[in-house]
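Labels A, B and C are assigned to the chains in the order they are written; within every chain, residues are numbered from 1.
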Amino acid sequence: MMPSELAELLARRRAGWTLPQAFFNDPAIYRRDLERVWRTGWLFAGHACEIRQPGDFFLVEIDADSVIVVRGDDGAVHALHNVCRHRGSIICTEPAGHVNKLVCPYHQWAYDLDGRLVAWRGMQPELRKEDFSLHRVHVREVAGLIFINLARSPLPFAAAEECLAPLFRPQGLERAKIAKTVDYLVKANWKIVWENNRECFHCNVNHPQYTKANFDHYNADDTAPRIRDEMAAAAAHVETKWAAAGIPTHKQTGMTKFPDAERGIWFSANRTPLVAGWVSESMDGRQVAPLMGDYRDPDVGTLRARALPNFWNHSSCDHSVSTRLLPAGPQLTAIRVWWLVDEHAVEGRDYDLSRLLPFWQLTSEQDWLICERQQRGINSSAYESGPYSTFKEYNVEGFVRWYLDMLARES
Amino acid sequence: MMPSELAELLARRRAGWTLPQAFFNDPAIYRRDLERVWRTGWLFAGHACEIRQPGDFFLVEIDADSVIVVRGDDGAVHALHNVCRHRGSIICTEPAGHVNKLVCPYHQWAYDLDGRLVAWRGMQPELRKEDFSLHRVHVREVAGLIFINLARSPLPFAAAEECLAPLFRPQGLERAKIAKTVDYLVKANWKIVWENNRECFHCNVNHPQYTKANFDHYNADDTAPRIRDEMAAAAAHVETKWAAAGIPTHKQTGMTKFPDAERGIWFSANRTPLVAGWVSESMDGRQVAPLMGDYRDPDVGTLRARALPNFWNHSSCDHSVSTRLLPAGPQLTAIRVWWLVDEHAVEGRDYDLSRLLPFWQLTSEQDWLICERQQRGINSSAYESGPYSTFKEYNVEGFVRWYLDMLARES
Amino acid sequence: MMPSELAELLARRRAGWTLPQAFFNDPAIYRRDLERVWRTGWLFAGHACEIRQPGDFFLVEIDADSVIVVRGDDGAVHALHNVCRHRGSIICTEPAGHVNKLVCPYHQWAYDLDGRLVAWRGMQPELRKEDFSLHRVHVREVAGLIFINLARSPLPFAAAEECLAPLFRPQGLERAKIAKTVDYLVKANWKIVWENNRECFHCNVNHPQYTKANFDHYNADDTAPRIRDEMAAAAAHVETKWAAAGIPTHKQTGMTKFPDAERGIWFSANRTPLVAGWVSESMDGRQVAPLMGDYRDPDVGTLRARALPNFWNHSSCDHSVSTRLLPAGPQLTAIRVWWLVDEHAVEGRDYDLSRLLPFWQLTSEQDWLICERQQRGINSSAYESGPYSTFKEYNVEGFVRWYLDMLARES
């Protein structure tokens, strides 16, 4: 695709309407997305508790880019391209594990956990080891969440940290453990998955479990007074209570306004009440694991966060669910969902997967099915842009604006 | 592929010789085929008896284009692009079924069976529902066969109807039922499948079942006098008999001349005798199901029809077999074969699939194997155009001329 | 890819450093490789003993090109493109077998075993059979090894024959039989497989079996005096002995220098001693099958040969192992490994596969895993060229120079 063709496509985009087909299935646009979004933005990689000890690592695969996220000897998290500087072999061959050094399995070039080449055999003396460190990837750890950035000069992270750190502090994700991960390969462009995530207009019919627990499928334009009163009461109730307990929140009960392309906001978080009687996003609203972090009372609603282009999290008093998207092709998105519980919780004694998983497993899989259907329809020669509801899909339009801004940035 | 490259390829085509390799495996030519042939021509979709009641529907997938063929409340057949005008999701997610309205599973935009948008939630009042009907596809029903056309201004259908209607009338396909369908994904370009269909030069060795029942593997140039006499006797015998019974026919016993690019003929049908003693295209020539339609005597030979680019049918006194091609990639063709019997016939009592299917199942699968072998050879760098037999492959050359005419049309 | 883009890529190549990414995964470069390397060079096809009798054949699939290698009625080996000159079908549909004539399964055009068209049906008399022979492929048989060449005017073969014939003579491959073949589909570009083959720098850690038997993982720069003495002793021992027995050799105990791009050397062979006490490349160094060919004493070291772009062989006194690469996509290589033993050896009596196979099966599969890991790393956007060791990877650089020379040749 020539820049002029992209410019023409962008010019054809009508504000408030869905993107033209090529944005969802053209390999050239997909390559542009990799460059301008995935190799520019901050990507959620995984959780600090997955790599507690120096030498613990996991891999993140962003299309063809494999990144090693490893706890260094100094206790800090490092992120390194998983590509040996000798002949290009991957170094870590398993998706996660423990290493003392990063040793390439091909010719045993050995790197420290921060990527410095420390040993090689048989190379000519005129070459200098310091020129062959593993390519480093920027990394930030905030409240137990690890973000990486493949750009040379990444966008600033400080504002995201300021937003996420206080809200996640009481959740105690650093003191959590992974109860379960489930991996999906969804046959849809990654933007379709986000557009689905950015509205709850589809929730009533598609998410019977989710809508029992939450308020955010209600919108200002069509919500009955009774519901509005219920929402206000829930908000008032928890506001006082949470303030007393020192639990930070934001006064938002409906759908969060996010992202904000104009102000460069690619992250957000807020705490919101659940419906009366629910203390956890579980099938029946009851607690399904011990309280996490600093919580002493289960009535903490849900903490939610989202960060573009690849992360969202819903945390209840007793468990936390993270979702990570990774692009795997123009019409393919690799999605991992993690369920975390307190690090001391013991399966079978303190929690059962059969009670912990279904709420978000069902809700997630309902969404993946929706996304695959939308991809199929968009691939049709009859597809044309349709209008977003200004009442219910403003955040989808917000996402599209954010995306187009990223695409237009000078790399 | 630039227009100039296509023009060069077309210029290299030698009349009477097979097409150059690119026509069989180049993605750009395939996209051109979709545009100029598949989104321009009349496509066989399925049978009227598959959607008897208002709300009955089935889908047709032409490469990435999904079309809903549905019986409307008025009893007429409608064809609609299966793409919601809101955000592009497919609307019908199952290959066939029954609906009252066409309701998009994503946000429940609801359309009438003729495609008019009748309900949506939460959209801004300045938008008008009448601007968001499902995109309509032209449709014609003739003698129980449903054809669709994706073009804005389709080629005329009247002549095809005049040809097919009287010949199919006595077969009674509207009063038939589907006994069985079998789906194939054949690893060959769709044109290879047609070229195979357009000659019976390959029948002697490859189709032991077919050649027992039929005359059309005989050609004028090499047929022994005894066979010619047998063919003439068969023709004379049935001509009188069919005239008396009011069964329309054409005086053709050999291979039909079809298509006729010069006269724009993309369809044809004729009735032809079977060999003496055979009343059905079954393994032993005996009747395998009750008489269909208006037939009172099994001795009706076979009715055959073909319509470019995607349909042929062989009908005996007791059953009818339809074959539909759909393009699924440069080297991939999705083929469905239907076996139909009288609507009142009961499986196990009136017919057995083990006797009904083999004749055409074997013959079809023999052809798919041939096609896949031809595709493999054509993909070789050593492939070059070869000559068609002017005695036996004139219809293949006719097909190629028709195809090249379609390709050259202004879209 | 435009010639200018390739020129730019070639200009970016730094001597002594690995090739840029595009050479390992770009479809345009892959097509260029097919043209300039695979349809220009001499390819190992298989063994003479696989087609002992006139009419015995096997197929070789070079990407989309299928070639029939067949023993003719005159006892000579012929190689023919497996593409009927009529409509392009493949003619031989099984990977190996026996035929009297080459008869196309579609319309029975029949060719002699040397490719001359001898029968067709129904073609117009103005066409001449002699214009429709199967396209011939150049073929050479040397010491039981069959090489083919798809070029019109192939590179000379005489020097290769002069090199290979005397060294392979005593091995008696013409009087061998195939004990086993194993096929692999390795997810790596074919050049990655060669680069792996062209150094034993990786052997110490990756090939525990191989390094027990051989000396060639030792290099002049870092080998202890004890090992050097051992190598010299082994060489001196066999030199005298082999000379007395009339077994040709080359005085090389380390890694052979190969290929030599400057002198156009794409083939080489040499005999080299095994470590003391080993007479066969088997798991324990003991003989695993009867002596082959002219050998009367098992102490013949190993005969090795390699020919670019697709062959290597290791032969011990009792068995011979051939490896053949064929390109199957930009990131896919089809590899076959053959184990040959004396033609009179009987499985279960004279040899067991469980003792014959493991040495080379394990070593081969260790290499394929390495290759797939290197491909994965090279696909990363973070991959950049790295330096070859001038001490240990000179042959890899030699391979790259040979490859780039081939690529730059006028076709």
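One rule holds in what follows: contacts are C-beta pairs under 8 Å (C-beta built on N, C-alpha and C of every residue); 3 or more make two chains touch, one makes a residue touch a chain.
All values reported here derive from a predicted model rather than from experimental measurement.
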item	value
Chain labels contacting chain A and also chain B	C
Fraction-based call for chain C against chain B, same above half, different below	different
Inter-centroid spacing, chain C versus chain B (mean Cα positions, whole Å)	48
Touching two or more other chains - residues of chain B	none
Contact set on chain A toward chain B in their complex	18, 195, 201-202, 205-206, 219, 221-222, 370, 373-374, 376-384, 386-392
Complex contact set, residues of chain B against chain A	34, 39, 64-66, 81-91, 93, 105-108, 121-124, 127, 132, 135, 150
